[in-house]
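Two complexes, one shared chain (subunit A), two partners (subunit B, subunit C).
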Partner chain A sequence: MINIGNIIETIQMIDRQHLDIRTVTMGISLRDCAHSDAEKSCARIYDKITRKAENLVKTAECIEREYGIPIVNKRISVTPISLVAEASETDDYVRFATAMDKAAKTCGVDFIGGYSALVQKGYTVGDRKLIASLPEALSVTDIVCGCVNVASTRAGIDMDAVAEMGYTIKNIALLSKDKGCSGCAKFVVFANAVEDNPFMAGAFHGVGEPECVINVGVSGPGVVYHALQSVKGESFDVVADTIKKTAFQITRMGQIVAKEASERLGVQFGIVDLSLAPTPAVGDSVARILEEMGLEICGTHGTTAALALLNDAVKKGGIMASSHVGGLSGAFIPVSEDEGMIAAAKAGVLALDKLEAMTCVCSVGLDMIAVPGDTPAETIAAIIADEAAIGVVNNKTTAVRIIPAIGKKVGDTVEFGGLLGTAPVIAVHPQSSAEFIHRGGRIPAPLQSLRN
Partner chain B sequence: MKKKILAFILIILTVLLSFCFLSCGKTDNSKSLSDIIKSDKLRVGIIPSLPGLCEYNENSQKYEGYEIDIAFIITQKIFGCTYDEAKKKLVFVIVEPENRVNYLENDKVDLIIAGFTANELNGKRVALSTPYLTPSLGLVSLTEEKIKSLNAMNGKNIGTVEGMNTDSLVKTFIRESGLDITVNCVKIDQEMFNAYIVSLRTDITPSENLTEFGCDCLVTDNLRFTDYVKNKEDYFDMTAVGQSYAIAAAKGSDMLIQRINIALGEMEANDEFEGLQIMWNLKSGAIKYD
Partner chain C sequence: MKALVTVIGHDQIGIIGGVCTKLAELDVNILDISQTVMQDCFTMMMIVDISTSGKDMETVSSLLKQYGDGRGLNIRLQRTDIFDAMHTV
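Up next is the complex of A and B:
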């Protein structure tokens, strides 16, 4: 039974605690857009996206007004383009990215994801062409995002792809150096990528997804932070319970919006992704939640345990509130997008090794981390390999979104603006990993992959 | 007897089928970065024919020029070694414009750094890096009527080197710029063209008079005229028309090209291209006049 207290509490969550729907993402299958003529394929892609997502922004804005809930981003995810473009007799895949960019702008969305390839077990011709085109594609487009899945628990780690990702990321940074290397913020490398993730830069519409679907990503670190302020000094049992209850409320709101959006657009409802996605705004930080649990500063000893509790409680609370919870669901730790993490990194407490440890228990991985511009590509590849290993062995999604900040050194900062925030450049180990990376081949799947 | 004939036919068929399978299998000539690093050698194809860009110095008995310096920098970056160590790892192989692709396809070289034009046609034959040099075209008038603008080329016969795509570059530029002019192209043998360029600066008379071939002027990359134009009035630098040179590797050598692109990108970020171009007198329009 809803009472006046519940209503006031919800209004406070929205007004003061940064509760919002982070994204309404429409997933669109482009499998029927393949054609041997690349130009015709691009035309089909443009037509289908603009037809399916024609009313997405308008509908989301209507729901925003009617329910008083801010919907921060409206996005589109599409079938991995390497699968669609492979039928075309062309080496120029950048034109597919341009078609996506143009279609997304016509629809008025914030981002479009799916300039992607899945190469955990090796490359097809299309995968190879798409990966080679990534630096140019992400530098000539504005709102296209891409990802590459290089590992899975079932397949192991494709170390050739891992090595190539190191070079790709460096090249993306070099080509977008005039824009603060922001091209790297639109690209992520995955292990165990999920097919229904509504969050960028890793959103794509998986091959097991329906023709068109609505996925919703909710947020709310600020709400959890405020809830924990009321249980100061209590045991972790109480902390976990409080987070669960809060996560339930947040997810319920996401469920309502997702249901409304799918009904109004006449599109199937996919999932609600309950992720505590921070923003650079004060009071909307995952790091501050961890500190509220009793840590002097995020990154000190105990941080991993605190994050594990938070991640688990969020999922447990969310799962009761929606019939379909999916995507990445958990707590994100993107350094540049989290005011508390920025402060911890600037203070030198939050280092790369600690962040890596935290990714063992959070929902994704090393996210929005700036490293010195002269970091060798092989070192970046080795960071990806470490992160992929964590994902593969623990049967979870892990990711790396790293920015080699060209011309910057440790202690400098990189400004991305907006939700992408400010990234302090943090140190990497200077010792070389080149020989390790140049071995190539595949790291076999772990024993737990043999489950049948 | 029948059995012998059948056996003979079977042997012939087996040989033919084996040949077919072997031929079919030889499609991927891509070079992996790991293989190069393991071999500890980088074989680079060069054409030592242009001062400043790439030539053999008889005095020092070394190859030198802008492309040679780039080859050394790429070697240092790929192997993470010093300049002295790069000297031992870098192997220069002389190639010709006509056989460059063949050398890559048959694994005789790992890279070509020899004025490989970055265009769509070449992109279909080889894997290309980002550009390391973008020279503009230069024009030398051969008749009394001096050509000093693009419009002045109207109705003229321009001599271009056989095997290069200068003519299509000029025509494409004219079309895309909306210029209301037409030019006729005359293809000239590479040797004859080179002899004529040498004659521009020296007293050596070329064996053929190009005007007899109907040429009003010669057009090619302005690098070819560096140090060769003695009469300023004859020369016109077509700064608006140019094409980029890129490093080439065998088709499919994606990771190798990615590594090279990083090296070239870092050079650009550090203004190293500009420094080298000034050093080798390759800045666009940097033709020396007597």
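Up next is the complex of A and C:
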């Protein structure tokens, strides 16, 4: 028999604490869409995406209504396009992005990811063309997301790619400056990118993935925040335990939705990504969870330790609730998408250096951070290099999604709207990293033993 | 199919009678009822079987919601699996 108290608790989580399924993402392999004729390849891409994901939105909406759980986004991830487009005899890769955009809009999804390249050890011809096309591809499309993996623990850091990413990000910002540089919100640079991530902008369908798969990303910072309010003043043992129990409940909901969606769509269930993904809504913030632990403002001393506890407890609680956990799983810290982070950055407490330290223990990296528009490309590349080093040495995924806000300076804000929120422009160090970045080459893979 | 009806709102005379009548009109069979007043709030849950109703879950759900809105009650119909999953190991 179901307990009435449990029912009310669940309903309150959904109604008042912003509990939702952040995304049901269908991963689709496009490996069979390669063709020497780019036009034919694009037609195959459009046909395959619209065929496989034809019922994705309808099915997700049906589950949403039957279970009474909001599913905020429906998304598609595809094979990194550099692998598919490489067979085509063309230099114009933007048409592949356009085909993706058109297919995704036909399916009615919110985003499509996979305009991507994996260059941790160097470029192929397709990688080079894709990366060159990124600024235009992201400015002429609306819902296409891209990522580039520039480093891995096994390969080290491709510093040529890191350098190029600095310039690429500046160019993306310039081409989308009329839209608040929003192109940069659709692009992320990774170290140790995962193949089954359902979250944007970094979702792509990895080469080890099956033909078609359903991955689900949960959310729920508001629920954790609310749960911690009931253990004020208790020790960290109690805090960790409370987070674990809450993460278990959140993930169970994700598991049910993932299982149901995969059965109804006749598509293999991939993973549940048990992430705490904040939104700009009040009461749905990761920063506020850290503050609830006893910090005056997120970003002050103690923030990294608080985040480490949160990230670890979320994983421990969630892992038993799902048959397959994957993706990025942990706590996200996207500045513009988190009401508490926005406030902390505006107050000048949350700075780039502290955010970098936090990425050592969070699930991803420097996310949705706006920096002044005149930040040199080499400085952006150096920020990426630092972040990649953290990921490579610590055997974790790290990422940089940074927005050089053209025409803006420290203290200004950039409005993206919707889930992407508002980014306060924060300071970067003015000292140059240009000579460091211009060296090029590769930083060797780190030692995996003698780890002190 | 079993589903859960929850009714939440300000306590008033005739809520149970009204909701039960509405369910009977929709040919929905009630299997279990539990009701309490929590924090001045009328709270009722019912396990129902909607397979006896000729209507699908979505239609039953929206008709119940419509009825609830008319009386200032929040009525929802959900599948029961979610509650089992979230509250049992």
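One rule holds in what follows: the second predicted complex is superposed on the first by the 446 of 452 C-alpha atoms of A that agree within 3 Å, B and C clash if a C-alpha of one lies under 4 Å from a C-alpha of the other, contacts with A are read in each partner's own complex, and residues count from 1 in each chain.
FYI, a residue touches a chain if its C-beta (ideal position, glycine included) is under 8 Å from a C-beta of that chain, and two chains touch if they have at least 3 such contacts.
All values derive from a computational prediction rather than experimental measurement.
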item: Clash-or-fit label for the pair subunit B, subunit C on subunit A; value: fit
item: First, second, both or neither for A:Val282, with subunit B first and subunit C second; value: neither
item: First (subunit B), second (subunit C), both or neither touched by A:Val410; value: neither
item: First (subunit B), second (subunit C), both or neither touched by A:Ile69; value: second
item: Which of subunit B and subunit C A:Ala347 touches, first, second, both or neither; value: neither
item: First, second, both or neither for A:Lys170, with subunit B first and subunit C second; value: first
item: First (subunit B), second (subunit C), both or neither touched by A:Ile4; value: second
item: First (subunit B), second (subunit C), both or neither touched by A:Arg439; value: first
item: After superposition on chain A, the shortest CA separation from subunit B to subunit C (Å); value: 51
item: Overlap of subunit C and subunit B interfaces on subunit A (superposed complexes); value: none
item: Residues of subunit C that touch subunit A when the two form their complex; value: 4, 6, 8, 32, 34, 36, 38, 43, 45, 47, 57-58, 61, 76-87, 89
item: Complex contacts: residues of subunit B adjacent to subunit A; value: 32-34, 37-38, 80, 123-124, 252, 254-255, 257-259, 261-262, 265-266, 268-269
item: Contact footprint of subunit B on subunit A as seen in their complex; value: 91, 128, 131-132, 135, 160, 163-164, 167-168, 170-171, 174-175, 177, 373-374, 376-377, 406-407, 432, 434, 438-440
item: Residue ranges of subunit A in contact with subunit C within the complex; value: 1-4, 6-11, 62, 65-69, 248-249, 252-253, 255-256, 320
